[in-house]
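Next, two complexes with chain A in common: one pairs it with chain B, the other with chain C.
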Partner chain A sequence: MNYQLNSVNLIYDAEKEGGTTALRDVTLSFDGKGLIGIQGPSGSGKSSLLYTMAGLKRPTSGQVFYGDMDLSTMPVSELASLRRRDFGFIFQQHFLINYMTVLENALVPLNMNNKTVKKKAMDFFERLGIAQYANKYPFQLSGGQRQRAAIVRALMNDPKVIFGDEPTAALDHESAREVMELLSEYTGNTMVVIVTHDEGLLENANRIIYVRDGEIIRQSEPGQEVSQ
Partner chain B sequence: MRPLSTATYFLRNKRKLLSNMIIIIVAICLVYIMECFIASIVQSIYPLDATRFEHASIIVTTENTPEISQEILSSLDESENIDSVIPVTVKQIIFSVPGSTTHAAVFAAAPDDLPYLINNFQINVVDGRLPESGTDEIAIDDNVAKNNGLQIGSQTSIDVSHGLDRQYIVVGILDSESHVSFIGSPMPTDNLLKYDEKGYIAFHAAGRSTQAENEVAALSGQGLNVWTLARYEKLYATNNQTFQILDMVVVLSIIVMVVCLVCSKYAQFFSRKSEIGILSALGYTRREITIRTFREVVITNLVGFIIGLGLAVFLCKIVVSAAFSSIGGTDVYLNGKAALLSLLAPVLTTVFTLLPVNRLINKVDAITIVTSN
Partner chain C sequence: MKPLNPFSYLKSNVKKTLPIFVSEAVGVLLIYIFALFAATTNKMVEIATFDVTDKYNIVYTKDGTNLPQSFLNELEDLQDVSVIPVQMNLSGLAYYRGGMGGTTMLTFNLFENDTQAFVDSFGIELAEGAFPQNNQFEMLVPLEFALQNGLVVGDYIGNDVSDEYSFNGKYRICGLIQGDVLFAVTCQPGDNTKEQIMSKGAMYQIDGLSIVEQGQLISTLPENAIAITRDYYQQEFSATLNSMNILTYILTAVMVVILCIALGNLNIVLLANRRDELTILHAIGFTKRKLSQKLWMENLFVCTGGYLAGVLITMLAIWLLNTLLLIPQGKVLEIIDWNGLIIAFALPAIISIFSLLPSLISNFHRMKEIAY
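On to the complex of A and B.
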């Protein structure tokens, strides 16, 4: 599904004097597939851009279209349902629920527990090398193992868009590459949007967006560089 | 089990569930047992005092009016509201249950009047016989006998301030709703009777109890001590205020328990803020999260209530029965009011947990949670 951001501005505490501008007049469009990287220094607005695209932040002005749906005006409950149906999230921290097993955590977005979904989760666990921890609790796992479980959770609902905010920050370089390879497999039909400091992880990216002070300063695509 | 089902949460948080339930169960048991205790006192004392006045009113002489005039007796005899007026010696015997003490009626009457009294107070002689006239014998009400540890052949103790002023030998056990006992002496004609021991029982004519009571009650204006059901109920209502205060204490203790429970539950939900945030970020609506919370709270309280009520009835059967039945009182272990008051604890806990938790769910910002370190 196409993604379109039209003149998006995001100002924190906009109602107060001297609000902080996180995004400034951002206009972007995506064709709904491929690996999209977002890069920029700390506090540049990378995560704000990601979460605005994901409907977790509402722009102060401008429009965010997902297909023909305007996320900037969509009611909160519909937005939530859309996130659950079409989006997958990998956050900087795993945010697994501690009293559930790793397998149950992976099933949270679906809230189902039948053989099919369990097998699907186990296949992902296998792929990420944590199958033996499926019935353990998150606090029994290392940081990297937890993050992998969180990645499986993001893939369980066959999302049309996967949003990753520094998803490999807790992983060593090798594990991070494995995760990126796994995510790359989805880019044929899925749009994977990744915020990362590690440019090396974006070597297979179809497009990299560079953000500074809330503005898109540069975009690069394989074989060409596009400035906004 | 679905990962977000209530069963999964309970299964993975058994300790929390247990600690919440134990508080509810203890609260329900305390409230229920206390209420049943109060109900048992009321049910033990009220019938003992009041039921006889449903059949008759009792007129007792006083220091100012030591004799009832013939004129009064004639007017009562002729009244269509009064079936019969029987002269009696009025005595009493102590009856105590935990939390309250009263006196049960003991009468002596002429041998010719006894069958009428037995018949009109609907008394059955369940064991032994009625007392011989002029003897120190007593046929005692079954409950009163149990309360005083008496059986056929045993002797009553002398306790002038609380009951009989001489020893009587128990010759019969009586059973009636009126809880009336009979002694063989002193007879109503005895000149040595004190002013407050001489009396008349005025039996109401069928269907004219109210008129009879009004007619007899008017005699109190002539210096006589007149006991009717209306007077007793007025007195009982005054004494009942003690029980109302106890009820208020019960309600207050429920409120204290609810406050403690709500604080503890809110703390539990507050510690699940990041869970609420992440579910919201993953696409669960506030309504879905609230419903999930609602289920957890309601099921905890409902199951706690059912277990608590069952346990409370069981404990009541043991504790209250031992305290009341064994001494001739009435044990109440199934009580609607007690169940209703017990229900207050889980209902208030549910309401006052859900209100702030719902506010918490609405306030939790998914983005703040997922971007926090």
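On to the complex of A and C.
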């Protein structure tokens, strides 16, 4: 499904004097598939861009269209339903739920517990090398293993868009590469939007967006570089 | 079990939910114990007064004059209604203790040949001894009364024996009766014939009489006549019984307020520790409404569990108290009181909602500020 951001501004504490501008007049469009990288220095607004696209933050002005749905005006409950149905999230912190096993955590987006979904989760776990930890609790796993479990959770609902905010930050380089390979497999029909500092992970990206001070300063696509 | 099933949280967080569970159980225990004492008091009043008047209406003159002949004629005309001559000159002097106090029992002064039929009409059995004989200063008392006062068949009661008794003279306990209604019977007609006694006092079975017929009979009585009916006791005891019920409601309300405040604060802390969980669930796509439902169900299950534990512990404690201490003394506390159970259920029902509200408002508001 197409994505379109029209003149999006995001100002934190806009109602207060001296609010912080996170995004300035961002206009972008996506065709709903491929690996999209977002890069920029710390505090540049790249995570804000990701969360605004995901409907987790509402723009102060401008519009965010997902297909023909305007996320900037959509009611909160509909936004939540949309996220559950169409989006998958991998956050910088794993945010696994400590009182659930790794397997249960993976099943959370579907809130189901039958053989089919369990097998699906186990296949992902196999793929990411954490199958033996399926019945362990998150606090019994290393940071990397937890992050891989969080990635499985993001993939369980067959999302149309996967949002990753530094998803490989807790992983060693080799594991990070495996995760990116797994995510790349989805880019045929799915849009994978990744915020990362590690440009090496975006070597297969279809598009890289560079953000600084809330503005898109540059975009690169295979074979071309577009300045804004 | 689905991952977001409330039990999924509860089974892994027993220690965290234990304070709520225990507080609820203790609250219910206090309320239910009080309710059982109130129910026992109610029951005691029922079996010593109302249950008698459900079977018989008793009419007598308080100054010893004769009842109106018209009333006696009407009684005589009643078909299939058993009428028993009775003197109520000893009534209200035997004291039975139970629940939160005690009540005086009715003592019927009958003719010996009416006693068996009268006792049988209540389904009461003679547990020990024999029925009283005319003019022998004998008395038939309930087994519970005997146990409470450490009496056995052959012992004497009355103020000639001890100041503890209000009976004038000295009566030998000839038998002990056991059943669902409490009263004492003696047979001291003196030289009076049945007709003479009947002219001053009578009790008649009301099973075959409609409420209107009962009312019509009594309406003909002069002012010096006393009619002991259900209405009579209703007026006498309603204020006392109502005040006990009101006390139960007040105690419940106080407990609800205290627990709502205490557990409300506890829930704020518990939910603050779960803010990451709520945040991620919301980000994944679970609405705040769905999350609120999940949290409320968890709280409801804990509170209901506390309620059930409180009720069961109370019942067990009362059963032990009855078995080991009270029943041997002729007393017994009610173990089940549906009214008390319903009132006590106000705790989990109200607290599960209102102890959660502040934490929901606080945490959902702060979720907006969280950076993922």
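The rule we apply is simple: the second predicted complex is superposed on the first by the 228 of 228 C-alpha atoms of A that agree within 3 Å, B and C clash if a C-alpha of one lies under 4 Å from a C-alpha of the other, contacts with A are read in each partner's own complex, and residues count from 1 in each chain.
Methods note: a residue touches a chain if its C-beta (ideal position, glycine included) is under 8 Å from a C-beta of that chain, and two chains touch if they have at least 3 such contacts.
Please read these numbers as outputs of a predicted model, since none were measured by experiment.
With chain A as the common reference, the superposed partners chain B and chain C clash. Of the two partner chains, chain B and chain C are each touched by A:R84. In the superposition on chain A, A:L107 contacts both chain B and chain C. Look at A:Y51: by the touch rule set out above, it reaches both chain B and chain C. Stretch 188-196 of chain C is the one among 116-124, 188-196 or 206-214 that clashes with chain B after the shared chain A is superposed.
Put simply, chain A uses residues 47, 51, 56, 76-77, 80-85, 87, 89, 91-93, 95, 97, 99-100, 104-105, 107-109, 111-113, 153, 165 to touch chain B in one complex and chain C in the other. For chain C in complex with chain A, the residues that touch the partner chain are 1-4, 8-9, 12-13, 276-277, 279-289, 371-372. Of all residues in chain A, only 47, 51, 56, 76-77, 80-85, 87, 89, 91-93, 95, 97-100, 104-105, 107-109, 111-113, 153, 165 touch chain C in the complex they form. Within the complex formed with chain A, the chain B residues making contact are 1-4, 8-9, 12-13, 274-275, 277-287, 366-367, 369-371, 373.
Those residues of chain A lying in contact with chain B across their complex are 47, 51, 56-57, 76-77, 80-85, 87, 89, 91-93, 95, 97, 99-100, 104-105, 107-109, 111-113, 153, 165.
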